[in-house]
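Chain IDs A, B, C and D follow the sequence of writing; residue 1 opens each chain.
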Amino acid sequence: MPVDEPTEVEFRSDVTVELVKHAASDADVIWAARVSTAGEKSLEEIRKDPERSKGLINYLMRDRHGSPFEHSSMTFYVHAPIFVFREFMRHRTFSFNEESGRYRKLRPVFYVPGPERKLVQVGKPGKYEFVDGTPEQHKLVTEATQEAYRQAYRAYLDMLDAGIAREVARTVLPVGMYSSMYATCNARSLMHFLSLRTRRDDARFPSFPQREIEMVAEKMEALWAELMPLTHEAFNAHGRVSP
Amino acid sequence: MPVDEPTEVEFRSDVTVELVKHAASDADVIWAARVSTAGEKSLEEIRKDPERSKGLINYLMRDRHGSPFEHSSMTFYVHAPIFVFREFMRHRTFSFNEESGRYRKLRPVFYVPGPERKLVQVGKPGKYEFVDGTPEQHKLVTEATQEAYRQAYRAYLDMLDAGIAREVARTVLPVGMYSSMYATCNARSLMHFLSLRTRRDDARFPSFPQREIEMVAEKMEALWAELMPLTHEAFNAHGRVSP
Amino acid sequence: MPVDEPTEVEFRSDVTVELVKHAASDADVIWAARVSTAGEKSLEEIRKDPERSKGLINYLMRDRHGSPFEHSSMTFYVHAPIFVFREFMRHRTFSFNEESGRYRKLRPVFYVPGPERKLVQVGKPGKYEFVDGTPEQHKLVTEATQEAYRQAYRAYLDMLDAGIAREVARTVLPVGMYSSMYATCNARSLMHFLSLRTRRDDARFPSFPQREIEMVAEKMEALWAELMPLTHEAFNAHGRVSP
Amino acid sequence: MPVDEPTEVEFRSDVTVELVKHAASDADVIWAARVSTAGEKSLEEIRKDPERSKGLINYLMRDRHGSPFEHSSMTFYVHAPIFVFREFMRHRTFSFNEESGRYRKLRPVFYVPGPERKLVQVGKPGKYEFVDGTPEQHKLVTEATQEAYRQAYRAYLDMLDAGIAREVARTVLPVGMYSSMYATCNARSLMHFLSLRTRRDDARFPSFPQREIEMVAEKMEALWAELMPLTHEAFNAHGRVSP
């Protein structure tokens, strides 16, 4: 198989999240909850009485009535390093389809921590803190990662050039390589994801995700907050603790 | 609590299924699959090449690539007897919100088998067949169920009238009482449901659901087939066997 | 089909839970967590250092590292009314096998609230309180439920006697009828179940389950606490809030 | 943090699977199924009538009564390359705990395809076949992978030596690096996994897993077959197609 595509290696420090499609609104929560209680209201009625809707959503969140938050659907397209996807795919209530190294030649895009990434870890397991790296440390990381990525990708291309199957050749590719996937979830699953993958400095309910997956989570949260503002507000009010 | 609502008892022999909302199309399957393989196509391109889409969907179904069928969402409103919901809720990939006997007074709507319901079971466990009942048997079933339902609902009302909590009083209500729920699923979950809840006289892959849940399944299938005709066709072509 | 089995109707006010089999211990949590961190320890080493194990389990619980609690398995045999099972089966991480009204004639055992069951509900939705019923109310409930159950079961037998299929005849049976099932779960799923199905008078994290499912939950919790005492202690320490 | 541990790089071509603990037997299936039907039998009775047990298990498998196969639990310890774990973790009914690159320094063990690994892929997507590589191709793969692994691990160590956090430094590590995990599942989940991750040259129900995950699947299957021989036999008889 001739390797005639451009192989210019690209380095990035960011992640990308797009909302591809969705069927998600605060009204979905209200409808679903109303079937349990006093009878269905039309969408118009719900819109006329936003304060009552707000109160109901808050009540559902606080009392952990989780199921009304499930009748919604959001599909995100995520472009991020493999090590982020490795953590992401531990969330078993999501649906995933990821770019396949078996079916296509993977593109040379790699993650290099940006200048704002805290590079140094202090403290003990369970109480880690991250602090800024020195300029020398940043320089080392940039050079070491870029050089390693280039060598790995070269080995990959060499094997492809020699006719080796993609699924074999990819074995040398690093977890800092970017991949892309569609991830579909409902609001309840998303809240659970956000509760674990955004940082929370709370003595009782702490949360210390790796920064790179938090970058993805923050973008997902911003997109979701626009779709379901009352639900997002209730999620914040109840501490992101027990969705 | 005064019981001033109408308490006219209603008997039905049918089930109701409405598609409340959806984000589901064959194109969702194509998109999701393409991320794994040759790159994304725009929706326009996909529509221009329906034969290729059909082939891809067939291939995914046959080779049991299930995940591309998950990036879709359908919410159904179902009105059916409790014994149907009891089977329905064994499907753990669905999201459910059902009318609650704790939060509201339940309405007196009850299931009576219609004239086309085969009433008599012959054969051994695992090889049951159902055959028509005699007119006498139909008469008996109609009378026995209606009388039992009326007595049960009267006992329910008596307890409510005496100030007993709804969640206690409901204990006398029969599984033939109608309830309503929202059920949300994706196409993969729906196919799994249909594969188990529609009848299949196939020596290798038989399926013998209770007729009443099959009535719900048939209505769900008809609604879904309109949304995702290529996927539905592929589902049929591969025998409804192993989604 | 001759109905020659005894049909003496039985009334009960309790629920039964047996631990049928299990593979569950605090050591399972430690093992699973250690693979993430410093290397595996033998079971002997773990037993020699109980304080450290306790600390690790507490840390995992507090920081919501849920996965180490999943490598355990408990199978319970539960005998309780159908309306309890209806709530129970909403927990989609459990595995269930329940007695089938399609495959066997159901036994006439029915739930009648005992004298300690609070019968009267006061307050608004979301803020319900239950208070004792009067002796008259208890008398009414006992009589009304028993009579309704007897009538329903008689109608069931009449239909069976007339040759009607079990799956049809059962439609008159009430949700207060007892059923039995095997329910299998891991410790994480069980904690989630307990967090929702045991009462918690906590302004921030309230929980108001129906008393009858709480009776099942309490028995499950007692059995589990013996198997995994450190995990149970950590579950209590962190408020049963966010497992 | 001083890096004083041995850093001798190790290359392997195999995978390791151990059965760490289990609560799984054919009798579990029988028990669970019997609760649905004719009443429970004691374990002794079940053992006395192996032919009937065999028949029941076959019937359950053929008719896709999946739930009785869920009341079992097996925990495997798996040592395999990351790219295998990436596929493995798509199976959302399993429970996983994997070695963490955030909490520990990862050991330099890497996957190099062995002489029996077919290296060359021919045919079109969906109809791939793998054929033997030439000696030159094997030599190239061995050298290219080993060199790439060494360079990547050196970059990792350099960053650790410079005080960079493990979770950052690991970004250069390749997906061919070995990791270890505990994976817990029940028999139904395992059968689903095996149906997708073992090869099946069947025109109607084909399956073409990557060889490396199939190596893991084969070892899991062998361990499971000893625990549940009747279930394994039924799984084979019904074509591994639709568990």
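We take it that a residue touches a chain if its C-beta (ideal position, glycine included) is under 8 Å from a C-beta of that chain, and two chains touch if they have at least 3 such contacts.
No experiment lies behind these values; they were computed from the predicted model shown.
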Using the touch definition up top, find the fewest steps from subunit B to subunit D.
1
Can we say the copies subunit A and subunit B touch using the same residue numbers, with more than half in common, or are the two sides different?
same
Have a look at B-C versus C-D and report the one with more C-beta pairs in contact.
B-C
What's the distance between the Cα centroids of subunit A and subunit C, rounded to whole Å?
35
How far is the middle of subunit C from the middle of subunit D, if each middle is the mean of its Cα atoms, in Å?
33
With chain centres defined as C-alpha means, what is the inter-centre distance between subunit B and subunit C in Å?
26
Subunit C, residues touching no fewer than two other chains:
37, 67, 90, 96, 103, 125
Report the topology of the inter-chain touch graph, choosing from line, ring, star, complete and other.
complete
Can you check the complex and tell me which residues of subunit C touch subunit B?
81-83, 85-86, 89-90, 92-93, 96, 101-103, 111, 113, 117, 119-121, 125, 130, 133, 136-137, 140-141, 144-145, 147-149, 151-152, 155, 158-159, 162-176, 210
Subunit C-facing residues of subunit D, complex:
20-23, 28, 31-33, 35-39, 67-68, 70-73, 75, 77, 95-100, 103-104, 180-182, 184, 186
Sort out for me which residues of subunit D touch subunit B in the complex.
37, 59, 62-64, 67, 90, 125-126, 195-196, 204-208, 238, 241-242
